[in-house]
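There are two complexes below, and they share chain A, which is joined by chain B in the first and by chain C in the second.
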Partner chain A sequence: MIIKELTIENFRSYYGVNPIKFKDGLMIFIGDNGDGKTTLFEALEWLFDTSKQNIDSRLISEKRLSELPEFDSDTVRVSMIFDHDGEKIVDKSFSFTKNANNEIETSDFQFKGYENEGSQRIPIQGGRLLDRCFEAAIRKYCLFKGEENLNVFNNPDALNYLIETFSNIRQFDPYYSSDEDQSGFTDYAEYQSRKAFEKAMKSDKKNSQQERELSLKLDLLRRDLQHIRQRLKSNRTNASNYSTKLNELESNKEASDLLKSINERLKSLKEKKSKMESYIDEDYSIKLLDDMWILCGFSNIFSEFQERVSTFSKTKRKLEREEDKLKGKQELATEIAKGIIPLSPNIPDKISMEEMIQDEFCKVCGREALEGSDAYNFMKQKLADLINSQQQTEKEEEKPLFQNNYVKELERKSNNLEYDQSEINNLLKSIKDRIEFNNARKVDANEIQESINIEEDNKRKLLAQNDGLTEEQLQNAYENIKNWWDYKNQAEKEIVLLEKEEEEKTYELEQVQEQYNNLAKGSIADTSRKIHSALDRIKKAFKNAKEKNTQDFLDQLEKRSNVYLEKLNVDGFYGIIRIIKSSDNTARIALEDSNGRLVSNPNQKLKTTMYMSVLFAVSDLTSIKRENDYPLIFDAPTSSFSAKNEIDFFNVIAGIDKQCIIVTKSFLNESGEIDNNKIEQQNGTIYRMEKVKPFDEKDLSTIETKLRLIKG
Partner chain B sequence: MNNKDKMLQLVLSDENLIRFYEYNPADYPTIQDALDSENPIIVTVAKIIDGVNGSSDKGTFKEIYNEIINYLNQNIL
Partner chain C sequence: MTKENLYDVWARRNPTFEKKFKETIIKQYTEYGGGSVDSMTSKGKIFSAGYEIYIYAFFIGLYSNKRKKLAEETDKFGQPIQFWGNLDSKRFRKAYPKLRDYIFTALIAKTDDFDLIALEKGEITDRKAVDYLICTMEEYANYGFYHIEEKAKEIPNHFYKNTGFLDVILDLVQAVNEQGGEDTIENL
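Right after this comes the complex of A and B.
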């Protein structure tokens, strides 16, 4: 089956009718996030689903819905023209109507198909046509979403499914089953014929004693063997489970290490950011008053205030001086009125006065002043006046000129706030510096936040690439490693011992069975013996055939996978793919080097090419089985690849003779534009899908995907 | 060659079966060739493949078992 044309109409972001021409070989659809890549993939998934009638209104284009008038109808449709033994068409659609209150009703699901017979176009039910040309078993191995889903053997039933669908011989299970419940015919026939043989032997009286003894031995041996096999099975399952867990752990080791380093970087970045933010001091309102930043805005008012205070102060001092002058003048006038201006009472001083009185001699005028004389009495009076003058006298309370200290307070305030213009300028500079410093720290913090976002994004991608493991699971995986190793080793040791025991018991059983058979020779039970022996050998032949068929399939798959692995890895180490079957009938893909050593932890690119090689090989086997080719459709299969690796990888795929459809966001530069240099280097057909501009990022009804052919 | 013929070829190519019952698998390319064989083991294998026909039904098993037991009773040497 080769897709020739796909038409998507009103399907999610695909507004209106969008026909897309397909070609054989590689087809690349390039789009950024939200450009409709996955929607294209989902449109194909919806078309290919033949199991149900899905007419979910969420499939309808929001843009078409928003512009649809009330009570009007339109159609969602995906149709495909393809080549499969002649041109065929499948067309799936449903109608939608906008009722009152803008309610949407969906109806009229149709799945039509057409095939050409000569010049006639014959209608056929679409699902039936698709199941015939692109059966579910094949579809299962043709559509892959994301890099993490490429490993087909992630599904434990995959091996059985692939063998049943694509191996050389199908349906072996009804003929032989290794289960104890005899679900295969040859198991059943061998058991029934053995019972019939034993019954015949028991009815032969001639050898009854020997028959009883051998029969008892056989029963015991069979029971022992059954027990050994059960233990063997259980140990094999345990060993396989622990081995799988350890392998997963090994393959997650790189991821776990990466996660650890991402988390360490995140921790350090968050600490840096927090430190940076701690430097930011934006308590500007506090600084307005505490650090007097407010003055910057009031510099003129402050000058005016200072001027006024100065004026008040000058006026006050002037008034006080005038008041003092006035008082002084009044006192002087009184003294002058008395005739003489007296000396100050403290001339001469108290000590001199007392000395003169004691000496009865006036040392001012140089005359004797005997006690009782006028001169003596004058000195005594003078001393009394002096002493009196030095005593505090209750003066008549004078009313001060300025009763309150308002001017003084104003002066004090003015002095306290005595910032001159240079200080204000300094203040402005310090405010500017502070704001600049804060802004610079914010820029630093934002830069760190960007790094944090990148790391968080890396972490999300890493977790997405690890089979849905949670961060906790990835971190804690190592805690159980020792126990798992112990359990695995223990189980493997047990297996070796049990296999030896099984071999010995089987040999013993065969010996006793031979004795038992020999006993039957020539007896009435001889025919039953022959029949049982024949059916036992036929059962073993079916068992071997089934195993050989499985092994042939795996060998074939391995061989073809390795051809693709070599093609897909143009340079660097790629190793050899091994598909290893476990005892529980599951399989896993492993990589070995040429010395048979297991490559325990291939890088993501090698892992992806390894899984894709197996897919290409499955596709080859499909083509051989069905004698037809089928497309492989991948949604973002190379998200872990570097840009160069992607181009190399896509070019290799372009060289493979297979229709391979890849939707990807590769070939876009950081601003979301097509990188034309890369496009030039790329072979194949290339479409660009993008949202029609302008659009509202928050309004889904403005989103419309358009495709344009840019190469091919 | 259909699925049954391929299965027949693979089962008949079992070395033990060839050694015990002495036949050449190449002589029996189809189920019909095997059913027409003189060798009762070849015929039994063909009857199993043809009769079971991919079914896991126990009733079918019983029926086929009875058929091949009757056949072998009469033909095995």
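Right after this comes the complex of A and C.
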């Protein structure tokens, strides 16, 4: 089936009649959020639904509804012209009427179909036509919304469904079924012939004793075997369940290890950052006082202070000298008047003088100086002068020129502070250095913050990939892992034992059966034995053929999937797709590397390409079976892709011989405009879908989607 | 008879400021009127004691070399100058007693009315001499307060930036140094 034209009429944002021409190969519909991408997808979904009559009034275009006059009617319609052994049409519609009070009534659901036969157009019920050309089973593998719903084997029955629908396995159903109900012909024939054979044996009186013993043994063995097989089945189910759980855990464990290492790195980065920040001291205002930065302009003022103190000091000394001179001159004058400049009053000293007066002898000139003589009186006077001179200071202090000595205080202050001047002069440089230091540390801290941001981003991505799991859950030690591992191991051990037991019992059964058969030889039951033996072989042949058929189908699916995977991943690692079938007939898609190791948690892009490869392969296989292809329709399948990856990816799809319809936000730049460079690089048919402007974003009735062909 | 140091006489004084600055500046940027250092950052306070902004304002006037006579009602701080900068009991702060000496020397340098010779001779009392010094101090600080007020009006959050107070000082120092042709610091 190839879609040739789709017409959407009054369906949600598609106002009026909107015919869209389709081509084979890749078709891309580009639209921003709310431009009607998903609506296009939903219109197809609505059309393809052959199970019910959905005439929900929410499907009606709000715009059409708002302008519809009271008691007037119009139609919602989605119709499709497609090629499938000739041109065919399906057309689904219902009418809607606006009643009093703006009540909406929907009615008249119609699902019509037409097929051309020669030049004639023959009507046929739409649902029937669609089911015939595009059966429900295929539709399962056709419409995909978002990136998360691509895994077709998420549904446990999917594999069975796929195999039964698209392999040749169904052809075996009338002849062989593995079920207990023995609905297949060979099951039935084998069973009946065995019953007949056993009946014939029982009727043979000659061997009745032996027959009884052997058939009792056979019954027991068959019962045992059935029991063993049941246990085997349940153990296999267990082993596979625990193995799946462990696999999930394994990827979680990887994620948890990853999370642990991210958290460790984050912790060390944050410590580094806070250490770096601890170096930053930007309390500049406080430093003005505590570190006396405020003195950074003080040098001149201090010089001024020193000059002023020194000027005061000089002035004071000068005044003192002048005063001294004045005093000195007066004293000098009296002495000079006597014609002799006397010795200092200190010479000779007071003790010597007193001694000489006591001895009445001048020991300076070596002559007698008796009491009452001139010489004696001179010495007495000299001693009196000396004593007098020693008391002079006290006398003078009584009325000094300067009573105070604040200059001394100020000079001391000047000297004390002088020590710090080099520091004060350096303050501007210190301030500059400190600010530069702080800024450099801030740059360092910012760099660390960038690393922190990257790690936190990684963490978010990691948690997003393990959706449904909280950080705490991931962090928790996997206590279950040991239990599950034990259960799985136990089940696997059991399986080995049971398989051995099964083998032994089967062998034993065969032996007893052979004895039983031998007993029949030459007896009246021999013919029945031969019939049963032949039918039993036929049954086994069918069984093997059916199994091989299934395996062939899966092998083919795997092989084709890998061809697509290689094409879709033009660069980077992609691995090998394995479709793993479990004993309970479910399957899962897994990725292996070339060494046969499972890739436990492929990235989203790889997952998407992996699932899409399987989808393309399914489509291939079904088209071989049906001799007819069908379109694959994806809504936003590449949201995890980078822009470059997307274009490569779309171009690969464009090269695949398959109608593939993708609605996407890609090719739009940040302001929502088409990126023409990207469009040029892209092969295929491209439509742009857009809301008709102007519109009121709060009013649905102003929203109308228009489509415009921009390439192809 | 031993005379008291001039510095000590000065340091026992309590300089005044125009009362209006109490609300508009002092309470804005200091913990004046209560609060601890711990609560300081939460309230957006920058300095602890009220006199700290006074010292800052004084240096603004000093470096601008501009005085402004005090008008209107005046007020003063609880602590006389001799206790200014004794902050050892405050968390995260260092004491800066020496800054008082520098303020004192600046006042000696800048007070023209201060006549040391007359003081030495005993023609004026130490009290009178210190009056002149305090007057200089108050007038410089008063100019500084007006300057701060104007700047805050111009850019309301200026002084709440890390470099707010520092920048004003550096600008003034740079202006002075440019006149004097000395080393400059680039504008922050």
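By our rule, the second predicted complex is superposed on the first by the 463 of 712 C-alpha atoms of A that agree within 3 Å, B and C clash if a C-alpha of one lies under 4 Å from a C-alpha of the other, contacts with A are read in each partner's own complex, and residues count from 1 in each chain.
Here is the rule we go by: contacts are C-beta pairs under 8 Å (C-beta built on N, C-alpha and C of every residue); 3 or more make two chains touch, one makes a residue touch a chain.
Predicted model only: the values in this text are computed from it and were never measured.
Using the contact criterion defined above for the overlaid structures, shared-chain residue A:K199 touches neither chain B nor chain C, since it reaches no partner. Shared-chain residue A:F172: touches chain B; no touch with chain C. In the superposed model, A:K493 makes contact with neither chain B nor chain C. In the superposition on chain A, A:K350 makes contact with neither chain B nor chain C.
With both structures placed on the common chain, the touch criterion links A:V407 to chain C but leaves chain B unconnected. Of the two partner chains placed around the shared chain by superposition, chain C is the only one that A:V309 touches, whereas chain B remains out of contact.
Between chain B and chain C, C contacts the larger number of chain A residues. Of all residues in chain B, only 3, 6-7, 10-14, 16-17, 20-21, 40-41, 44-45, 48-49, 52, 54-56, 58, 61, 64-65, 68-69, 72-73, 76-77 touch chain A in the complex they form. For chain A in complex with chain B, the residues that touch the partner chain are 168-175, 183, 185-186, 188-189, 192-193, 196, 527, 530-531, 534-535, 537-538, 540-542, 544-545, 548-549. Of all the residues in chain C, the ones that touch chain A in their complex are 3, 5-7, 46-47, 52, 55-56, 59, 62-63, 85, 87, 92-96, 98-99, 101-102, 104-106, 108-110, 116-117, 119-122, 126, 159, 162-166, 169-170, 172-173, 176-177, 180, 183, 185-186, 188. Residue ranges of chain A in contact with chain C, taken from their complex: 282-298, 300-302, 304-305, 307-309, 312, 315-316, 319, 401-407, 409-410, 413-414, 416-417, 420, 428, 431-432, 435.
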